[in-house]
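Presented sequentially are two complexes of chain A, the first with chain B as partner and the second with chain C.
This part shows the complex of A and B:
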């Protein structure tokens, strides 16, 4: 199968998946016992207001008509309105997304950095106690619920490192006197470190293992043997011939673990009161604000599908031997 | 068909712990079984161990560990040891029940898909692919939020999401069993599909299904702590996930009550470790050839080629 076929097939699959996800999203939120409005937790809301909301959401129309309207709205980029704040879902979710993205990126950076380092050491010292120790540590972190690891971080690490444990920025920064851009950046980073580190540690094992196996594989190749025969030092072989090739699967793993990262980020943000998309979901659940919940879920699903597609295309680019 | 997005999601969802373990050789199975057995005994005999409901207030709020309360008390003044014992029952029950639901769905899909092939196979595997790509945790949370917080709902939700990897695994195995001589012979002497499936194919894949179910238990327990932590657990029950949630909600952090935070997480982690160890070891020993199958699905060569290096 040619290159074009492969890409067309993957893109086609992704597009159909998007449609399935949208439909699932529609069906799930219409299948609630009662309806979205009656479930809303809002003391001040009068019956008239709720009736107005129902009309606004089109809940008085037939299901097919609702589905058609939903698709039409989505096509215009309209995710609906929050039942609580009356603001559009897109604007409700924009700020949280902007907070989540750098945090998740930093977390992925931590996991790659620590994981690849651990994997290289593990492969280099294969079969030794260092190797086993590294792998068991990775497996240990993998088995921990992320929210619990987050709590441990607050309990044991935050005081030790002197890092803030909640929110996204220092509330008094810039109020007493001007804060320079540098101060603001440092403040943001400080608030990001602990949630990111938690995320990074949970993912560490996976990266360590993939790096380790890829390293062992490349170190077993003939060119690695040749390199050694040339008289290169062990470390030079590991770095120049092993690591460079072993990074290929790591690159794709970044895109692939996004689904898990998102899941982990929800509870981690909750622990650290980090106002990202995860915390927005938790709040929407708490208030039963279904349009926001629905919009957030759709965005997460779409980003996972997009990253899966990216992983597939990237992998094809990096390793053209992939044909199916 | 086996690579691509669906292969990608496979790596992500079930490849994690399993792949890590395959790199570790040693007495995994024994250690895992020992831990699981210990927790199961505690869970089964918890009504005998506990003289009253574990949530009963027996002391001050966040009382530090002492002779009377070995692990202190939680934010409601209940004894932590009693809570952990009672939680073992609920956590294990959720884990096993959800895993069985998953194994039933996944087993059935895998059997039908692998045995009949053709259009049935294409259709079922398509559905599997789509379910694989939907991010599991947000979906579980949302379904739990929409349909209520009962134990049964949580079990069904978890079970309905994690069957995909089982389906793929069983399908691959069934496909190979179907081509074996005795199955062909059975068909030649006139055995029907039902008979062949239940008499010849199912017994061959059942051990693998069991091993996979143990892995699912770990996933399910993990998922339960997620759902519960977000306040979507059954309000009447005490599970380990619930204890972590309580510690967080009752500000154990502010009280520096490590005894309310650390132990439930340690229990969850140990249990997940144990299940991963058992499931992985069983799967590997049941069908060494399957490793090759895994490779093609996962695309990455997760199993290190130790042999080649040792020979250098």
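This part shows the complex of A and C:
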């Protein structure tokens, strides 16, 4: 099987997964007892009103018909309407996504950069105080529950650094006179720092540990010894023969965790009352807002699939042996 | 012998053990190598032969300490640690490793990896270096265009040839080959050994062949040293060692090798080599030796000259010791 086919195969596989995910997303929400109308918990509603609601939402049709309509709507980018606000699910989810993405991106970027660097240095300086320091710090952060680390941030770090602990923007910004773009950006960043840092630290521990062990394994390979015998300095061996090989498992891990983080920052967003996608999910569950929940789930599934595909393609780029 | 290319003097290697204590893996070995000479270093697993040649290039892990001199062309290359040894790595002394199949980084092209030491030591650069890499591959019997291949696209035998080509990249004076044929089938093994011999003859390359496999040495080397428990038990021309062993270990080692033409029993040497985390009392081989006598258990034998260019460390060769018992 040629390398050219690899990409086609991976993309095809991702598309099939998307289809399955969409179907599961449909089935899951029909499999739970009750439906969107019974979830309204409306005591005053007459049976006629409920029936009207069911028709409105298409719940009176057969499951197959509902599935067909669901797919057709989805194909048009229509995710339905929120039961709570009557606005389209897409616009309902757009604002939280806009809040979550930069926060997660900042945290992840920070953790990849520092985590990989710490892991590499730790492996390069194996057995030294630097290595042990990285190892224990990494283990510490990795084993901390994110929400607890978040609480520590709120309790100790925020006051010390003078950073806000909740929300995404200052409620009075722009009320007393116009705020410049610069002020808005700074305000957003200030609100983003602590949740990003919390997420970043947890990931940093994980990435540093994985990079370290992958690097150590690579440096123990025969070709690393050969590289040393060629006259390369230890650092040159790490850089030229270790890094790319050791990055292979790291790429997989980062891509996998990224996929989950988009929605998995739930606890962190909750601690910081950060109105992102995680908080939106919590709220949708609270309010029994089925269409929003369904839309959010679909979004998360798609992000996991997308990042998996990205990992596969990166793997392909990094490792010439990959052909299947 | 004229001025030797390489002289190893009382080379010792200790490993610091994780649980405390030390392992004296190489316990003072000496040998010399002339320009273009092929020298065999034989012994069973764990006798310190690989450790010894890694020590020559200063490639042992950080928990190892080395004593002794390694004199290459009159210069003690281990004198100033990394600083004095690294300019000679691959430039003067190259290596073909035990797992030479894995000597290539799987994610980089063969050609680039052969070029790497050339550019590092400024032997050749850019296009010129790549042309030379292609020529080297041709020299070891691989098509020139394979410089574009990745290691996994080559068979085991081809990878081993490519590893030899890589060893020749900087026109070294000496190649240390550590079990270069262990993972290969017999046919490929013979081809690789013939290749090593012909390269050594054509290029005037000195070769140290480290192996546990006596027939491999017989096919390639002249002078040979038999190592046991971190010391050279006996050294001399291989023919002489075979026909007239002066150390019981050499005799038993040959007896463990099946012979296709001679009808004889293949034997094994009972017992295991001593642990080297404490110094063996007397001769290290005595507990397994079939000819041990009184002094062997307590007196450490010295290396005695037992013939033309031959030495052996065995009390059997010492008339005084024999008379005393």
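Quick notes on this one:
Definition applied: the second predicted complex is superposed on the first by the 261 of 324 C-alpha atoms of A that agree within 3 Å, B and C clash if a C-alpha of one lies under 4 Å from a C-alpha of the other, contacts with A are read in each partner's own complex, and residues count from 1 in each chain.
As a working rule, a contact is a pair of C-beta atoms (placed from the backbone, for glycine too) under 8 Å apart; a residue touches a chain by one contact, two chains touch by 3 or more.
Not measured: the values here are computed from a predicted model.
In the superposed model, A:259 lies in contact with chain B only, and not with chain C. When both complexes are overlaid on chain A, the residue A:179 reaches neither chain B nor chain C.
With both structures placed on the common chain, the touch criterion links A:225 to chain B and to chain C.
Of the two partner chains placed by superposition, only chain B is touched by A:217; chain C is not. For chain A, the partner that touches more of its residues is B, with chain B and chain C as the two candidates. Using the contact criterion defined above for the overlaid structures, shared-chain residue A:318 touches chain C, although it does not reach chain B.
Contact with chain B, but none with chain C, is seen for A:144 once the two complexes are overlaid on the shared chain.
When the two structures are aligned on the shared chain, A:245 is found in touch with chain C, with no touch to chain B.
When the shared chain is aligned, no partner comes close enough to touch A:302: not chain B, not chain C. Of the two partner chains placed by the overlay, neither chain B nor chain C lies in contact with A:69. Across the superposed pair, chain B and chain C both touch chain A at residues 127, 225. Partner chain C is touched in their complex by these residues of chain A: 127, 221-223, 225-233, 240-241, 244-245, 318-321.
The part of chain B that touches chain A in the complex is made up of residues 1-5, 8-9, 11-13, 16-17, 19-21, 23-24, 26, 129-130, 133-139, 141-143, 145-148, 218, 222, 225-226, 229-232, 241, 244, 247-248, 253, 256, 258, 261-262, 264-265, 268-270, 272-273, 276, 299-306, 308-309, 312. The touching residues of chain A, counted against chain B in their complex, run 9-10, 13-14, 16-17, 20-21, 24, 28-29, 31-33, 123, 126-127, 132, 135-136, 138-140, 142-145, 147-149, 151-152, 154-155, 165, 205-206, 208-210, 212-214, 216-217, 219-220, 225, 249, 252-253, 256-257, 259-260, 262-264, 266-267, 270-271, 281-282, 285-286, 288, 290, 293, 296-297, 300-301, 304-305, 308-309, 311-312, 315, 322, 324.
Of all the residues in chain C, the ones that touch chain A in their complex are 57, 59, 62, 86-87, 89-91, 94-95, 97-108, 116-117, 120-121, 150, 152, 166.
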